[in-house]
Structure formats: structure tokens, C-alpha cells
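Chain IDs A, B, C and D follow the sequence of writing; residue 1 opens each chain.
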Amino acid sequence: MLFVWREAFAGLRRNLTMSIAMVITTAISLGLLGAGLLAVRTIDRTEDLYYSLIAVQVALDEPTSAADPDCSSPVCAGLRDELEANPLVSGVEYESRDAAFERFQRIYAGQSILQLVRPQSLPATLRVTMADPLRGTEIVEQFTGRPGVRNVVDQRSTVQDLFSFLGSVRNATFGLAVVQALAALLLISNTIQLSAFTRRTEVGIMRLVGATRWYTQVPFLIEAVVTGLVGAVLATGGLVLGKIFFLDRLLSGRLLANTIPPVGMSDLLLYVAPVLVVVGAVIATLTGYATLRLYVRT
Amino acid sequence: MIRLENVTKVYPTSTRPALDDVSVEVERGEFVFLIGPSGSGKSTLLRLLLREDVPNEGNVWVANWNVGRLASRRVPRLRQRMGVVFQDFRLLPNKTVAENVAFALEVIGKPRHTIRTVVPEVLDLVNLAGKADRMPSELSGGEAQRVAIARAFVNRPLVLLADEPTGNLDPETSTGIMTLLERINRTGTTVVMATHDRQIVDSMRRRVVELSSGKLARDDSRGVYGTGR
Amino acid sequence: MLFVWREAFAGLRRNLTMSIAMVITTAISLGLLGAGLLAVRTIDRTEDLYYSLIAVQVALDEPTSAADPDCSSPVCAGLRDELEANPLVSGVEYESRDAAFERFQRIYAGQSILQLVRPQSLPATLRVTMADPLRGTEIVEQFTGRPGVRNVVDQRSTVQDLFSFLGSVRNATFGLAVVQALAALLLISNTIQLSAFTRRTEVGIMRLVGATRWYTQVPFLIEAVVTGLVGAVLATGGLVLGKIFFLDRLLSGRLLANTIPPVGMSDLLLYVAPVLVVVGAVIATLTGYATLRLYVRT
Amino acid sequence: MIRLENVTKVYPTSTRPALDDVSVEVERGEFVFLIGPSGSGKSTLLRLLLREDVPNEGNVWVANWNVGRLASRRVPRLRQRMGVVFQDFRLLPNKTVAENVAFALEVIGKPRHTIRTVVPEVLDLVNLAGKADRMPSELSGGEAQRVAIARAFVNRPLVLLADEPTGNLDPETSTGIMTLLERINRTGTTVVMATHDRQIVDSMRRRVVELSSGKLARDDSRGVYGTGR
């Protein structure tokens, strides 16, 4: 047993630059995989966030908007009761013209569009939370054109753009991860073949002296697994750095702030990291095993 | 101990068989010289005994193993009971002299402390006690050959195969090696030795098996090298 | 000479998986470098685009906005003349309230904010093109609070967000490119070392028979350069695919449409690709040469 | 042609010098046997002549080159004028027999058509005409040794060094090889051959230089192997 570990680490050391290159490639591949997973996670989060926020907005017409601070007028109360009775709807909330203006000021604080909007141009709104956010269009159809209603907007469609952006990011990282994984696989497989090749005389002699196949080959397998594990750890480290120095800045930058929720460190360490470790170890082992079976005859 | 039954071996890239219908039997404890001109098939015969290659026809028996038909995973056990000295030494290049000899013991799972006592003894026997920590590349040809012999003998094999073990040695050292092989043989180990050394064969007067172009040409129980030259 | 080429390609073929891994890693590295260069290029483009558009906007107050379709009133004309005389200013353009509303409708076509804005809430504006866009604040200070002026806005600061987003993207790609380049360098260096190592007996024999160092080593160098070149070509191919299937979609998606100019195929092929080929070849050659000098003794 | 002036060589890992203050001179066209027990420094002496290693003290001259002080980039030219048969063959494992022999010609830039005619001639000379397309791993020990001789001789060197070229050969083939070396020697090539083969040395009656523990022990112009055994 001691022999086996000694040989494995001798193998890694003997060819240090190769081992480093192999580890880096594996790490980048796993890192990209992790980035893809984070993107998926963020998409889920964003969907959660927006689905709880997303509502169908029933904007009321000018007279009602101007006169009704608490939805006590018969028109507004009627609409609200009807909405609340609808089985598609899980909740209804009234936002008066003044409340709407406050929210508007909050969201667009410091931006020039603020100067263009006055309270009078904003309608009062009934914000309808859907039991099933996907069926907002039914509410839109039902309430459009009803007395006291200015228009009905399903917010879902506007969020779709954001999702398609995040989807693109996810696809790009996964695509790169796959190509890079191919390189990592080839590298691991290759390093093993090379280890075996450079040591073929040695291993051949060992076999002639009576060593078993297992005895001579396990060191190569260990080399592969160690690579996979170290790669996963480095990938996680890289993602942590990437999160701190790139993602956090990007998502708190004003262009994307408040549209995409920040990526939490716990997502990274509790969800992505374990996946990377397992994937790294399993793939390295399988690659190593397959390589030894297929290519290493001695 | 060793039995070849009508063994024929043809290498794929070769037209002429390297061994052609050879039948020989060697009893336990015998000492056999395998002679014949260059290319007559001596090394090939030894390779078949060690399962480095398999015969195209016929059976090769070593102890109770049908060597040619042995499952690959059984081969290590066979080899662990045999000792081999190769024509080109085949020492492990990254291990010292002592480690090379120790390796044959590690492979059969001998405990550390046994290895630590047995290896120096054997190195002493082949007159290499002072060179235990040399790397193979730092040895002269004859020294390397003696390391190979030490490794082949250290685990007390049933059979010891030696392919021209004195090829690179001066007459004196050769005599030393032959004394060593005789001693090993007296402990009950069957020895098969391929050689070109007329003097050794003539002086030892042991069984001589001669090959010629892959065919068995002679099998004398107390033979000499021959009449040529 | 023939020998040399024969040996180089034999080397690449002998170790096909290794060569492929090496080429992939080099390609990804160069591809990321290319992506970074494209980001730089896009930032330049975007800056160009915005700097020609960016202006200091002098919004006029309600009376002037309502009454003046062509800046003929003394207040407006006075401001305009004064601006035109200012050495910081390269041009002044008048946009009446109606023109502003039209532009607004054009930009936000189909978006819900449109419903909130009426012509009356928009001011007429003097759009001031700066000779030096960086000195817009001086105009802001000079004209704020002047009679007839509602407010003065330097548009430059709002564009800054976009640039910091693009800058982040560029830094991230360059960062990854550097790490990946490290892997590629190590791999190239390593492959050469390995080629040399697996062939050390052979090369040693050649040298003993009288072969010169050059004769035995040039094949390794060619291996490296071929890798660099093939890597550069693959990287360019990957970028073309990335542009077509990812970038074009991303930039034409509604979230970023009209904010970032699309990346042109000519940028890719005429600006980035040659850089990649040169960088790939030069780096591979240098790595190869250094490796042979430093590590390959035979 | 060859001159050693008080040459001493100590390997770093060794305490005892492998060559100890050795001075010998060999004239152009001579045939010299280098003998001595295993580990006496024969291979080391040949390695110094080929600049595989440099002496710690003293000078080594081959033709007009001061071998020990030659700039590295001049070494290929020296080696191109020498032919060497190594104790362990050192054939290029990925080249066929013919390619191995051709390589020594390619290195000195001989044109293709010359190579195509010369190589088969030389292979014929060493009795390997039928095995031109074999790989080295497919040869018997003696066959490999003959390929090595063919390669050493093919470019008509000034000096031919041979380290136990008959070590793995049967007496008949050995005689053939010696006839070949004599023929090469008669064309004016200086031959230095390290050997343990008593019969060959005794029958040829050429100059014998004997080493013993790295020291020059004997230098007879028409010597025999010795009196031992």
C-alpha cells in the first residue's frame, strides 16, 4: 500500500509542470461548470424574486385614481372584491396614486426620468398576486375595458428579457465548460497514458518480476483522482475570487443593480462546491480507469 | 518441473519459426545449459517459460501451471515463483541496486524487516555489498548483471532462468557467477541457463540442450559445448 | 530538413490526445484573449457612439418650452448664442417640446413608461455638443439657474454605468485568459519536455552517433509552433461561433439592445484573428525555445 | 590517432577512480584489445574517447581534437568521424534495422541515393540482409549487436570503438564479427575493442591493453588474454 501512494506522488512530482497544467485545466473546466451552475441558481432565484413580485397590475382610470386613497369607492371596491373571489388570484393590494409616486421616486432616485413624471400622471393600481403566475393573461382579458379600469398589464412578459439574458449567460458558460472539460478529460487521460508510457519499461520489468496489474496501475489512478480533487478545490477558490472581485461589482453596478439578486457565498460553498468536488473526483476516476483499461496494455 | 510438448513459436513479422516443434523435459533440481548459435531461439524458449509470450502450438508446463493457457490474472503468481536474469539486465532505472533487489520481495508481500536483512546478504553473495546505493546507470555492465542475478535469486524461486548471465563478464567474475548458480542449484532450485560460453559449459559438464534454427538439435545429460571452432 | 518535419509531425501524432488537449487549451486561452480584445473594441465603439451622442442638455423652463418651436424667443436665442460662442462647445442644437416627445415615443416604443409621459411634461432643450466631452461640468455650472433654464444635465455620467459594466466583462475575460494562458504555456512547455523525455534515449543515441543539438531539437520547436497556430485558428473559429450564437443574440436581446453596438464580423476577422495568430505563434515559439534551453539537456 | 595523457576519471558517486592516471597512445590503423575484469574501467575509457564524459585530469586526444576540452557544439563533428558499438547496442527503438544504419549517414548529410545503395551493402556484410525491415525489439541479442556494428561502420569512421561486440554472440558468429572488424581495420580504420573473450584475443595476437581497477596493468604489442583461469 505504501508503495502505491509513494509511486502516485512520485508520478505527480516527476512531472510537475504537467501536473500543474492538468490541475489548472481541470480547475478552469470545473470553475466554468460552477459558474454555469451559479447562473442556473441565479435564474431560479431571480424567478423566485420576480414571481413573488410579479403581479398583474390593474391601473384605475383618472377619476378613481384622483379621488380614492384607500379603495373605498364602489368602483374600486367592486373590482377588488371580484378579483379576490377569483380562484387564479392569491392576493390583491391597493396602491394609491400617492403611494405609486413615492415608489416611483424610490426606484428611480437620482435618475433624470424622475423629472418627467408628476403624481398626476400616475394611476392608482390594484396589484394582483397570482396563485399561478403563468396565467396572468386570463386576468388581463377578463378585466381590460371594465368600468373604472384604465388598462391591465401582466408584468411577467417584461421580465422575460432578463431571463433570456441570464439564460444566454448560462448557456455560454456551460458551452465553454464542456469544451474545457473535453480538454481536461483529454489531459487527464493523456497524463495517465504518458505516465504509463514513460514508465512502460519500468512497469514491464515489474510485471516480469511478478507484480500484479493492480499493483502497477493503482498509482496512475490515484494521480488522476488527486488531480480531480485539487482541481475542484482550486475551481471553488477561483469562483470565490470571481464572486468577490467581479460578480459582486457587476451586480451592484448600476446597470444591473436591483434587477438580478446578488449571488450568495452560501450558494457557492454549499451548493456549487460539493458538486464540483464530486464531479471532479468521479470524472477523473472514470477517465483514469477507462484510460488504463483501453490504452495501457502492460 | 518444466515440460515443453511440441512447442512451436512463430513471430508475426517473421516467416521462419523461432521455435519449431520442440519437446524437452527438465526435472526438479536439474541444471541445464541451453546453447545454440545467435538467433536459434534460446531467448524465445525462456520467454515462453516466463509467459512473456505464448506458443503458437504445443504446451508449456512449469510446475503445475500450463503456462501458455494461464489466465492473465494468474500470471503474477507464476512469475513470483520464478527468477529471471535477462540478457539486457532489465533493472528498474529509478531504483537503487538495493531497491531493485528488494522489489522482487515487495512484490510477493514480504514484510519490511525481512527485506532489510535478506537484501544485504544477497548483495554480499554477488560481491556488490559496497554498491547497494548506486543507480543502475552508475554500474559497469558486469555489475549490472550481478544485480540482476541477485534479484532473480533473492526470493528463492522454484526455477531460475538465466539468459547469458556471463555474457558481459570477465572469466574470473564468470567463474564466481557460475559458482553462485551452482550453489543456488544445490538448494533445490531448477536452473536453465542460455549461454555462448564454451569454457563454462565444457568445465561444468551438466546437461546440455542445443537449439539450431529453432529445432532441438541435441540433448546430452553431461554434454560439452560442441565441436565447432 | 525532411527529417525534421517528419519527426515533428510524428511527435504530434505519436501523442494525439496530448496534442489535442494542448491545442484545445491554447485555443481556449487565445479565445478568451480574443473575447477580451473584442470587449475592448466594443468599449471603444460604445464610447465613440456615445461621445458623439453625449451632450450637455440645457432644459428650458415651462414658459419657453411651451411657446418656442424654433428657439426664436430672445431668452432661447440668447442662451444659444452664448453657448455657441463658448470655446468648450462645438455645436448647439435646439429640440422643441414636440420634437422631444417624438424622440421619446421612438425610444420607448412599446414600453409601459410611455403611458406615463405626456408632451406637457417634457421640456424643450438645447443639446450642446462639447469640443471636449470631459469638461461638460463647466457648462453645467455656468448655465444652471440662468433665466429660462429649468436645469442642466451632463449626460456623460449616466453612460458611465454602461462602461463600468463593459469594463467588468473585459477584466473578467482577460483574467480568465491569463489563467488559461498559464495553463497553455505550461502545457506547451510540458509537452515539449515530455516529447524530449520520452525520446531522451533516442535523442541521446542520435547525439552519440553525431547528430547536432539543432538537428534533434528543432522537431520539438515545430511541434510547439504548430500547436500555437492551430490553437489560434480554432480560437478564431470559436469566437465566430460565439459571436453568431451567443453575442449576437445577447446584444439584440431587449435588455441590452440599442445600448451596446453589435460586434462586427470584420472586427473579429481583421482585428482580433491576426493578433491571436501572432500571439499564438510567438508565445509557442518562445515557450518552446525556453523549455529546450532550460530543461532539455540532451 | 588516439592519445591519453595521465587521464584520471572519478565518478561523482564513487570514491575509487574508474580510471587512474592512464597514459596510452594508439597509432593510426592499429587494432587494440582493451581487456580487464568487470568494473576495471574499459567502458569508461571508451566513453571518454567519445566525449560521453570528460576526464577529471589529463588530456584525451583523438585525431587533432582535444576531446576533453572540445566546445559542445564541436562534439557532433568529432562523433561523426567515429563509429561506436555499445555494450547495450543503443539502437533507435522506433526505427527499423535499415533506418538505424541509415541514420548514421543522414546525420553527416549524405544524399538519399548514396544511403539507398550503401545501407543494403553493409547489412549484407553483417549477414542481416533479410532483416532490414525488422524493428530492434524483434531481433535476437546477437542480431541487434550486428546491427550496431553495421551502424558504427557504415560511414567509414576514422576510429571504431567496440565495447564487447561479441558478448552476446555464439562462437561462430563471433568469428564472423572478428573477421569483419579485421577487414574494417585493414581499410585504415583504427579499432579499439573492449572484450572478455579469451579465445578471440588469444587467436588474433594483436596489441593488448589491460586495465585493472582503473590502472594500466599491461600493454603488449602482440598479447594474449592472460594467465588466469
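Couple of notes before you dig in:
Throughout what follows, contacts are C-beta pairs under 8 Å (C-beta built on N, C-alpha and C of every residue); 3 or more make two chains touch, one makes a residue touch a chain.
Keep in mind the model is a prediction, meaning the values are calculated, not measured.
Counting hops only between chains that touch, chain A reaches chain C in a minimum of 1.
In this assembly, C is the chain whose CA centroid lies farthest from the centroid of chain B. Centre-to-centre separation between chain C and chain D, using Cα means, comes to 65 Å. A separation of 70 Å divides the Cα centre of chain B from that of chain C.
Chain B and chain D have centres, each the mean of its CA atoms, that are 28 Å apart.
In chain A, no residue touches at least two other chains.
Looking at chain D, one finds that none of its residues touch two or more other chains. The touch graph of the protein chains shown is a ring with every node of degree two.
Interfaces, counted as pairs of touching chains, are A-B, A-C, B-D, C-D. By the touch criterion given at the top, residues 11, 13-14, 35-40, 43, 87-88, 134-135, 138, 140-143, 163-164, 167-175, 196, 198-199, 225, 228-229 of chain D touch chain B in their complex.
Chain B makes touch with chain A in their complex at residues 50, 52, 72-73, 75-82, 84, 86, 90-94, 103-104, 106-108, 151. Residue ranges on chain C touching chain A, taken from their complex, read 15, 17-18, 20-21, 24-25, 28, 112-113, 115-118, 121-122, 151, 153, 158, 161-162, 164-165, 168, 171-172, 175-176, 179-180, 182-183, 186-187, 189-190, 193-194, 197-198, 238, 242, 246, 249-250, 253-256. Per the touch definition, chain A reaches chain B in the complex via residues 3, 201-202, 205-213, 215.
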